[in-house]
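To keep things simple, chains are lettered A, B, C, D and E as they appear, and every chain counts its residues starting from 1.
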Amino acid sequence: MADFLQLLISGLATGAIYALAAIGFTLLWQTSQTINFAQGEFVMLPAFFALVAMTWLGLPFAVAVVIAIVCSMLVLGLMFKVVVVQPLIKQGVLPLVISTIALSVLLKEGVKDVYSAEAQPFPTLFPDVTLSVAGVAVSLAQVGVLVVAFGTIVALQWFLGATRIGRQMQATAQNPTVARILGVPVERMILYTFLINAVLAAMASILISPIYLAKFSNGESLGLAAFVAAIVGGFNQVRGAIVGGLLIGVVDNLAAAYVSTSYRQAVPLILLVAIILFRPQGLLGRREERAV
Amino acid sequence: MTAVLEVRDIAKSFGGVHAVQGVSFDVHEGEILGIIGPNGSGKSTLFNCILGQLAPTRGEVRIDGRNVSGKRPSELNRLGISRTFQLLQVFPQLTVRENLILAGQEHKGSRLGRLFGARDAGLGAAADRMIDFFRLGHLAHENAGGLSYGQQKLLDAAMAFMAGPRLVLLDEPAGGVNLTMLASLKERLQAINRETRATFVVIEHNMEFVMALCSRIIVLAEGRIIAEGEPAAVRRDPKVIEAYLGH
Amino acid sequence: MLVLAPIDLTGIGIPYPGLKRYGTYIMTLWLVTAIAAMGVNLIVGYAGLETLAQAAFVGIGAYVTALMVKAGWPFGLAFLASGVAAFAVGIMLGFPALRVRKHYLAFVTLAFSVLAWLVFRNEQWLTGGVMGIGDISRPTLFGHTLRRHVDFYWFVLAITAVLTFALWWIIRSPWGRAFTALRENPIRAESLGVDVRLYTLLAFAIGSAYGGLAGSLYAPLVEFIDPNPFALGPSLLFMLMVVVGGAGRFAGPFVGAAVAVLLPEWLRFAEGFYLLIYAVLVMTMMAFCPTGIMGLAERLLPARRRPTAAATAPLLGEAKP
Amino acid sequence: QDTIKIPNIIELSGGGATVGNNWKNGSQLAAEEINAAGGILGKKIRLEFVDTASDPGKARAAVQRALDEEPIAIFGPIYSGSVSATLKLTADAETAQIMGGEAANLTAQGSKYLFRTSFGQNVSMPKIANYLRDEVKAKSVAVVYVNNDFGKGGRDAIIKELKERNIAVAADLSTEAGQADFAADVIKLKGANADAIFVYLNEEESARFLREAKKQGLNRPLIGETTLLGQKVIDLAGDAADGVKGHVGLTVDAPIPAIQEFGRKFQARYNYKPDHNGVKGYIAVYMLKAAAEKAGKLQPKAIAAALHGLTITPDKTPGILIEATWDDTGEIDRISFLGEVKDGKQVITQILPKLKK
Amino acid sequence: MGADTILTLDNVVSGYGKMTILNGTTAAIRRAAITTVIGPNGAGKSTMFKTVFGLLGARTGRITFDGADTTRCTPRQMLDRGMCYVPQGRNIFPELSVRHNLELGGVAMPDQSRLGARIEAMMARFPILREKAAAQASTLSGGQQKLLEVARGLLLDPKLMLIDEPSIGLSPLMVQEVFAILKDLRDKGVTILLIEQNAKQALEMSDYGLVLEQGQARIEDAAGNVLSDPRIAQLFLGGGLAPAQQVA
């Protein structure tokens, strides 16, 4: 029983990481109908901004964190929007998806060539304390990630659904031409989307890098897990990300413990296929209706 | 006269919205039936239930006396039933001519035969005639997505005729079509109706068109039939005037 | 230096005079890659579906061939079996996706891609696991071994020619039109008697079979296989290849595969940075010419006046499917 | 022509990127030193680095290409799968392939042109097994390994050795490259109740594993091979690495001045501490130099022949760092170490002699 | 040109890609009046609207609106100058609720505090929208969606309203309602430029008619004159269609 609890708690903590990364998927889906295959790399990169600030410029951690967020907004927000998305938004989804695949290669290789191919330790925002509750060990960092993930998702959900700007962002995604006709500042809405995504990615990066270690290739497995989490939770609902993320984290752990370690990756994927078959809108997603 | 299409107590609900609430009617061979009714009265939903696009909550659809509930749209189409949609539905990146050939090809020969047969499945000439009739000649090799609204609407209707159907269900074919073209469209429908005894069911809000075209009209309101009969009689029906035509 | 212009070779099929063994090898690899990419083009470019599992199908073909050849079966049989196996798995995979909308096929294939890789890796008794299978011999043709690179190149070229013709035939037949109809407007297609389910399955399975056939040639080409080239990443690269070459354009896969296989050659001077350059090139390409290299070529060669997708896209949401 | 080009076909991207980049930096460092000292047989050398993207097919293409230019030797690949895919080519071309693969079966395939730069698992695992039996006195051992060719090869080798020594395998856990969460694995290990745990993972995963083990209070001896005791893991895992023990094939922390000097040079040049792959790349170049000098000519076949049975000693070739001998299967023999991590430092506790002297 | 014109097109040329659709179009639209544009399918009516609103660049020629040259203006600038546009076809945000769809019509409204009241007014005018306010817009029937669009276009108080075939898909009762609203607006001083295939009914309530053919304005006249022009009756009013019957 203690084992099971330990698995559950650890799974939730890892799941919160996936959730943080998955928010980006759902956000970009909702606001630009794009699948961002570089999302994993988006979460990998900001930690390196902070590392550069600390090791090359010798700045303290707190400053480095701020710099990381600002740089992310510039690079993953502004530049991504201007250089990648802007020219492509009218061209349909496929070229944009391909561009994000290329971008993921670019970011990964860029970090490797510019900074290092080695994994880097990363300081934590939370004290390195392990709490032991009823025989279950939880680290404070994990709790922190969980809390932040929850908070962010609630806030984002509210922002998109309940504010005018949020709805203008959604409108832009669903029909940019009409949005423009109605006077929605389409360009700006797209920019907001990517700025928000960049900030989220930066937060995720800084929260998870102490646990995950900063490494150029982190985006691969993280991206996949986040992607699966987003689908399981419901692609068109921001709050789906948290359910999907937590579920994938827990299922992954349980699978490793009770099914097979060499097939542990398979279990979340089978779950994914089952979800697609029996509840394609995802656990929390809403049905997209009326095709004719 | 045999009923080509029998609709028995069809109902369809979306959650709490009861779009169609038990509609029954027959359509006889060679008939042109009009369906009118206020916006949201369930006309399109009814079509979608008849044609397998939506699964009705209850009820049954028969073609030539055979129950076809649960058949997929493509199967129904191959039984000789074609349709148009209320919202424009063409293949934007195929040319006008390709759109028309596509509309007929699944009725020509066997599937494997089509793989090894002619590129246009023997429909080139038929497509060209159709293009001429709808005055789309200069656009035959343009992508359909580049056509104006009314032109797309005509193309949409033309596609429904390509396979030489026995029963055609048209959902607002007239909307956005120039009145002169509309007159030709009407004549065309009537000609096909005379020559091949094809049967038509037409949803339309353009009353002149409906009155001139249809031999019988069904009026839907809130998912139920509120009136049925000859065009002139329906038009005088106070219930219809109240719910639909206005004064 | 080896600056290969693939166009010189496709037409005449003669290995470049300056090519050594490596050049021939790379040309063969290009052809094999192009076969798999043709399959992706059918699925993505023509039928408008999405596949993130082509590398897994290449893997299925490669393993089937490797195992059969090692067990003493003739290559011809192994080649057919590889295609059939990929076709069959394609159909099985397509089924669940039929129940739901378009993007979900991509998700299902993504899951499959990882699952297939796990099987390749974990089932060591069959696939050799992470250690792979080595010593896969090249076929013999009429008692003449194709062990030499050039011989094998000719063999692959002949097969590529046959497969290219077959696909060209399919695409120009009414089937091809039906596939395009799936891409453009499946609901309308269904109402016109196009059996959308069947054609979806067919497109997906035929495209996957091309992957399997490519894999069947890949195994004897490299003479060694392990799970790595059949993972998710390479599947994404197949998509990328096809779109860069020009999705929905017949020559697209050949061009895309050329870029993917040969570009590292051209960028050799950049050593470790070639991936960076490649990525930047792809992104620039997409930004300025989302219809790919073939689309660009069409635009630059004014002879054929065919409005491109971008030019004819309705300004308003009128024809949005 | 005054410079000779030596192709390095290594993992610069994909799963093996870390490994390949270490090799690249190590070999580059050696090449610069050799060139500064006059080159090999009077010729300057230039290393060419070609990426395999960690893919055997690409590796094969790259090796084929390199061979077409008739180099005097080929360096790499490092991933055993890629070595498997290419060793026939170098054998056909009669060109020495100095590579980084550690899988046991590589040298068993009969190529006369394949040379290791580090112990194969067929050499290191018996040493670990002896250590587990003699020093740890374990009756049962749990094995946790990363499921790639490196980890799986090691796992197969150690299990064979453990069986031979009548040590029970209490658990046999595969993990994924890039795995983040080791909670389930640690729980399983706790349940296995083994006398010792043999950990055979890549650096980051080693670190994550050690942290999780500490968090959950896994109090069994953690035994590793080279990687687990590496400085990188210690840096990443922090105090969670304290107490791990094991066998170290080659390490910059070995109590040998030449090696430590190499570590410093590398650190100064590249700003991080090399792992054993950096050392492999470094000595590869010196192997070539020594062999070429023995052969007296820059001819591939002669160089390969010269490497067989060659013993390179640091007094004549300082860059080799430790005396090493290659037998006629290309297997390397040299001293190795037993060590443990104390207070965030790797401490060498014992030096194991060469197998054949 | 008198002070009573609000919009002028002077030799405007525009099109798509290599195709030229508007072919030297010249027209003057009167202020505070309803002008109905008719013409065969593909004549370039919608293209004219898109060009005026700045969605499609004019290649040559000049467009003035309210005295200023707006040939190169963007849609947003046109909105800010007091022009709004209801395009042809289906143009909703399918996954947003009906209320939120409506609300987006007011993005360009200078005084956002009035938005709520305007939405209420529209819902009062079209009760079905209130009934379905919380439903996802894609679940509306075809006609209801068009109604939603028209209502959304009517939220603003524009000087000039471009409205492209609002009657498609609307039941006769609803068409009357929409036309009545347009007349009300005209009476309040708003200029309406309308494209209609439902030409008789539209011209009957219009002040002016404009006949566009092959990208050129052929006839510009008072609506009554257009309606009684025999050429028009034959060419555009569907002489062959139910000649005897006139709908109430």
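One rule holds in what follows: a contact is a pair of C-beta atoms (placed from the backbone, for glycine too) under 8 Å apart; a residue touches a chain by one contact, two chains touch by 3 or more.
What you see is a predicted model; the values in this text were computed from it and never measured.
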| remark: Shared touching partners of subunit C and subunit D are A
| query | Which chain has its C-alpha centre farthest away from the C-alpha centre of subunit E? | reply | D
| remark: Contact-pair count is greater, between A-D and A-E, for A-D
| Taking each chain's centre as its mean C-alpha position, how far apart are subunit D and subunit E in Å? | 75
| query | Between subunit B and subunit D, what is the separation of their C-alpha centroids in Å? | reply | 73
| Chain centre separation (subunit A, subunit B; CA means) in Å | 47
| task | Averaging only over C-alpha atoms, locate the centres of subunit B and subunit C and give their separation in whole Å. | result | 41
| note | Among subunit A residues, those touching two or more other chains are 109, 175, 177-178, 220, 262, 265, 288-289, 292
| message | Residues of subunit C that contact two or more other chains, please. | response | 121-122, 187, 233, 272, 275, 307, 309, 311-320
| message | Using the touch definition from the top, which residues of subunit D touch two or more other chains? | response | 13, 15, 147
| Can you list the subunit B residues touching subunit E in their complex? | 14, 17, 36-41, 43-45, 86-88, 139, 146-151, 153-154, 171-172, 175-184, 186-187, 205-209, 211-212, 243-247
| field | Residues of subunit D defined as touching subunit A within the complex | value | 13, 15, 17-18, 20-22, 147, 173-176, 178-181, 183-185, 187-188, 190-191, 203-204, 207-208, 212, 215-217, 232, 235-236, 238, 272
| remark: Residue set of subunit C touching subunit B in the complex reads 170, 172-175, 177-178, 180-181, 183-185, 187-197, 307, 309, 311-314, 318-319, 321
| remark: In their shared complex, subunit B is touched by residues of subunit E numbered 16, 19, 39-43, 45-46, 88-90, 128, 135, 139-144, 147, 165, 168-176, 197-199, 235-242, 245, 247-248
| field | Contact set on subunit E toward subunit A in their complex | value | 53, 55, 75-76, 79-80, 85, 87, 91-96, 100, 103-105, 107-108, 136, 138-139, 152
